[in-house]
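These are the structures, in structure tokens.
Next, two complexes with subunit A in common: one pairs it with subunit B, the other with subunit C.
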Partner chain A sequence: MASVVEIREVTVAFGGLRALRGVDLDIAQGERLAVIGPNGAGKTTLFNVIAGDIAPTTGTVVIRGQDCTRRPSRHRPRLGLARTYQKARAFAGLTVRENIYLALAGHRGRHRALWRTPADRAMGDEAADVADRVWLSGQLDELAGELAHGQRRQLELAMAIATRPDVMLLDEPASGLSRGERERLVELLESFDDRLTLLLIEHDMDVAFRIAQRVVVMADGEQVMAGTPDEVRADPHVHRIYLGTEAA
Partner chain B sequence: MNLRARLTGEPLALAGLVLFLILLPSLATAFFVNFVMTQTLILGLAAATIVFLSRYGGMTSLAQLLMFGIAGFMFGNAALDGGARGLNLGWHPWAAVGFAIVVTTLAAVVLGAIASRTTGIYFLMLTLVYGVIGYFVFAQIVEISGPGGITSIQRPDLLGPPVRLYYAGLLLSVLAYVGFRALRRTAFGLALQGVRDDPVRMASLGFNVPLHRTLAFVLAGFVAGLAGLLNVWWNGQIDPASISIGPTLILLIIAVIGGISSLEGAWLGAFVYVLVFTYLRDLPLVDRIGITEARFNTVIGVIVLAIMVLSPEGLTGIARRLPVRTIRKELGGTRA
Partner chain C sequence: MTPASNGLDQVRREDERTTSTEVRSRSAASVRSRLTELRRPSVWVAAVVAVAVAAWVLVLADGTPAGAAADDPGKFLVTVLDAVTFAGLLFVAASGFTLIFGLMRTVNMAHGSLFLLAAYVAIRVQEAMVGRSRNIDPADVGLLDWLVPMLAGAGVAAVLGLAIQQVFLQWNEGQEMRQTLLTLAITVVLADQMLREFGGLAQRMVWPGAVTHFFTIGGERYAATRLFMLGIAVLVGVLLWLWLNRTSVGMVIRAGVDDRQMVRGLGINIKRVFALTFLVGSFLAGVGGVLGASFAGAAPGTDGSWLLNSLVVVIIGGLGSLKGAAAGSLLYGTVVAFSPAYLPSQYSYYAIIMTFGLLALVLAVRPYGLFGRPA
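On to the complex of A and B.
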């Protein structure tokens, strides 16, 4: 079966620093994959490469059979890909509804009208539905810049799920959430359609291991090991480089 | 943001102000209307394009006066005939208007596309370079600027009497204000604000960020061009010095005095500037305290400084801090 995302020999160098050193990764459709690893391991950089925010220094990125190595990020939504950012970066000066609306409008490529159209109103209503799914209906008309931290993460998630992507990349969706919020997040992630391909970076092992079918462990820009949650949990090597670092 | 506040607050105040301005010619002297107010509306309209780009697009443009000037020069070249300076195309005035608008808009397309990949200080510097280059183009190619400017420019018959020009300025100002405000909620306006807040994020949502910036620049250039037409009709002439670096900065200063993040501030800033420029020199004793013609810019500078220190958001920022604000808040708050 063809992979949805194929990463081949990807390296990323920031000046002298090599954030990724020859990463290979194949992600099948409908797979739930968690990427874990200590700070600075290159997890976010890997996401940036897949999402087109950074072009790899060497190597190739193929998404749904199309070579996307040098294609800028704005072509990704049309390929059915959506992402969240580790540091929530919703549009501070716009409301929750408007933020989600923009996610919808960007995906549908209709965003140059100089007046409000029925389609805009429909997208506004759709945005309200999406906000409801991430428990933000009470904040629809609040400015994103004025949301509490947890709500900002929820908005980040809303903007990713709004377009019903086929491939979703979530960068530490649980960070900074309360226990209750984490529980709700896991429930939401478990409710996704089976066909959705989900890549998850997560420091919270509990969340990562409950969602993932496969876990990739990264350290120093390289994949250290990969396996089922149980295999990874049992691996002493992982304990040393990752869980050890966490404890430190 | 409740409905009541929307229906009663700002639109009502705006309607009242517009009504007052419509009646103004029968209340005030011809000088005040045709000199002070017409100039205020023209400069306000031009400065509003700076505010629009800055507030919605996060782009501080120093090229707006160039757009203003291009429209003026193009009208002068196209409308005049025989013996006058410039190209003397001798077209019908409204054909000349169309020509001026088209050239200005095309220039905005090209300049906007080039600038669309820059932000912040780089955008500011690039548009400053546009302004400087534009000035030299007009200063050195005398075929299109006439040696020492194009003079004796007539306005179209429709706008013959000076008070009609005032009304034209008022009409365009109201349209631009309402239009820019309405744009905030449209697909284009929201996308533009997204580009202002986080262009990288906008790209990953599927938006063509440079295209959005270019379109905003074109729209602003178009409106600045309209202001430039009014200006050339009001002045009856245009010369390269009027789009040199000094006036370019003055237009930015007008936007800043009013408050670079509020549209109404553009006209407020223009009003204050024109008032100071018109009346300060006539005050008794000003030359005794050392304010001579040559030091006039220093006075403007000090006024700008004082406003900036009192309120970084300019005059509208000061106005918002007046006690009225609490009432507004109770009504649901304003996010103008």
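On to the complex of A and C.
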């Protein structure tokens, strides 16, 4: 299957610190890929490179056949890419509806509109539908800054799925969620269209292994191994990285 | 229904209970934190000061230029009008400043220069339109002879502001200190050039004849031009509110105040939004300048004093908040109008100190200003 994201020999250096060291990664259309690894492994840096928030020091990033290595993040949504952040970053001063509306407006180039047309009003209704998908229809007119942590995560996810992306990057979507909220998240991720490519960083192995078809393990800015969830679970090297011990 | 979905529904019900408990506990925590805030000594000091000032103005202020409000309600009413109308001018001048800071975190030290430049340009255009350069009689000034110069002056300020942002500031995004020093340098250069071009004498924009008259209120004569100025300020405030809250661009600006990187991530060109914000902020500085020149004249040094006025307003109200600019203007305007009127006659000279007293009091109670949030 054709790759939608191709990472070639990507290195990121912050002064003397090398956060990524020659990472290669191919992500196929519709693939569900989890990136795991201990803190400081370079997972979020890899995400930032794919999302265009950081330009790599060396190497190339190709998304849907286009070289995006030096293109800023604002071009990514047009290529069908959406992302969430490690720390939920919905706009605190905007309501739930406005947050989702803005995601739609940005994607469709309607953010410059000086007055609202019927198409813009339809986007408001669409925002309400998306909020309903992530169980936020009761909070439509609440400010994002006043939502509970789990609800902010749901909102961020809503903003990502509102644009109907082809590739979605989720940075620790389950962090800080209650057991019930994690179940909801898994249910939501499993409900996505098969053609949607999903790349997630997750510390909750239960969530990561339930969603992912393939797992990439990173440590010290390098890819240590890649395989199916079962292969990764059984790998002694992964145990050593995470627990400092071999698998029993 | 399958056992699995049954289980999931149960989890969801449990979770909804958890979430509603969390929301309840958060609102309880918010009430608790407000109560804790009320117990702070600085809040008590502020409350005591407010009550003491009110008691002084209402009944105790004998021997002051205005006299106690209970004895002379007419003078009190006039002082209130002075406070509100001056607050209108302060709001127009400070709203552009706070708008630019809110989105770009740039303390635009050239704001006062744009204010003064717009005033000078408007005065020149008005002189050309009326056909006289001195002793212009308000009766000769039609509404258009004031509005067109106002738009011309504010337009020049807007274009220059945009040029400053494009040429100097956009390359230094995120480097607040460098941007502040750059705009400070621009202020010095502009002050020098304006002195060369417009001279060192005070000049005045003339209000339109239609609003230049007096009316009687509470037995006191009052200038209608001040109410005209307040009307323009209210119009500016309403238009700005509509722009920020009822248009997509305004939504982008409000979102940018919260998180610029996230705005970029939505596919929005934030640089264009920065440019637009600087254009509008500079235009507002220009409108303020023209109002200020009509109200009190324009001269070298006006730029510095209005930069200071804008700073005081946004520090009181909270940097980046339009609501804060309105509240800050009202408070500052109140202190500026009431201090000389209600301080004992032999201490009127110290009225200016009251401004700094207000600043200290507000910052002691709310360190980020009345409506400000940490950057």
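Throughout what follows, the second predicted complex is superposed on the first by the 241 of 248 C-alpha atoms of A that agree within 3 Å, B and C clash if a C-alpha of one lies under 4 Å from a C-alpha of the other, contacts with A are read in each partner's own complex, and residues count from 1 in each chain.
Everything that follows uses one rule, which is that a contact is a pair of C-beta atoms (placed from the backbone, for glycine too) under 8 Å apart; a residue touches a chain by one contact, two chains touch by 3 or more.
These numbers were taken from a predicted model, which means no experiment stands behind them.
Participant: Just from the overlay, do subunit B and subunit C fit on subunit A, or is there a clash?
Facilitator: Aligned through their shared chain, the two binders clash on subunit A.
Participant: Answer with first, second, both or neither: which of subunit B and subunit C does A:G180 touch in the superposed model?
Facilitator: second
Participant: Contacts for A:L17 in the overlay, against subunit B (first) and subunit C (second): which applies, first, second, both or neither?
Facilitator: Touch status of A:L17: no partner.
Participant: Once the shared chain is lined up, is A:H107 touching subunit B (first), subunit C (second), both, or neither of them?
Facilitator: Both partners, subunit B and subunit C.
Participant: Is A:T117 in contact with subunit B, with subunit C, with both, or with neither (first, second, both, neither)?
Facilitator: So A:T117 only meets subunit B here.
Participant: Could you say whether A:D141 touches subunit B, subunit C, both of them, or neither, answering first, second, both or neither?
Facilitator: In the superposition, A:D141 contacts subunit B only.
Participant: Using the superposition described at the top, list the residues of subunit A that contact subunit B and also contact subunit C.
Facilitator: Subunit A residues touching both partners: 51, 53, 72-78, 83, 85, 89, 91-94, 98, 101-103, 105-107, 110-116, 120, 159.
Participant: Considering only the defined contacts, which subunit A positions touch subunit B in the complex?
Facilitator: Interface residues on subunit A, with respect to subunit B: 51-53, 72-78, 83, 85, 89-94, 98, 101-103, 105-107, 109-117, 120, 141, 159.
Participant: Which of the residues in subunit C come into contact with subunit A in the complex?
Facilitator: 8, 11-12, 14-16, 18-19, 22-23, 26, 246-249, 251-252, 254-255, 257-259, 261-270, 272
Participant: Any idea which subunit B residues touch subunit A in the complex?
Facilitator: That would be residues 1, 182-183, 185-188, 190-191, 193-194, 196-198, 200-209, 212, 215 of subunit B.
Participant: For subunit A, which residues are in contact with subunit C within the complex?
Facilitator: It comes out as residues 51, 53, 72-78, 83, 85, 89, 91-94, 98-99, 101-103, 105-107, 110-116, 120, 148, 150-151, 159, 178-181, 183-184, 187.
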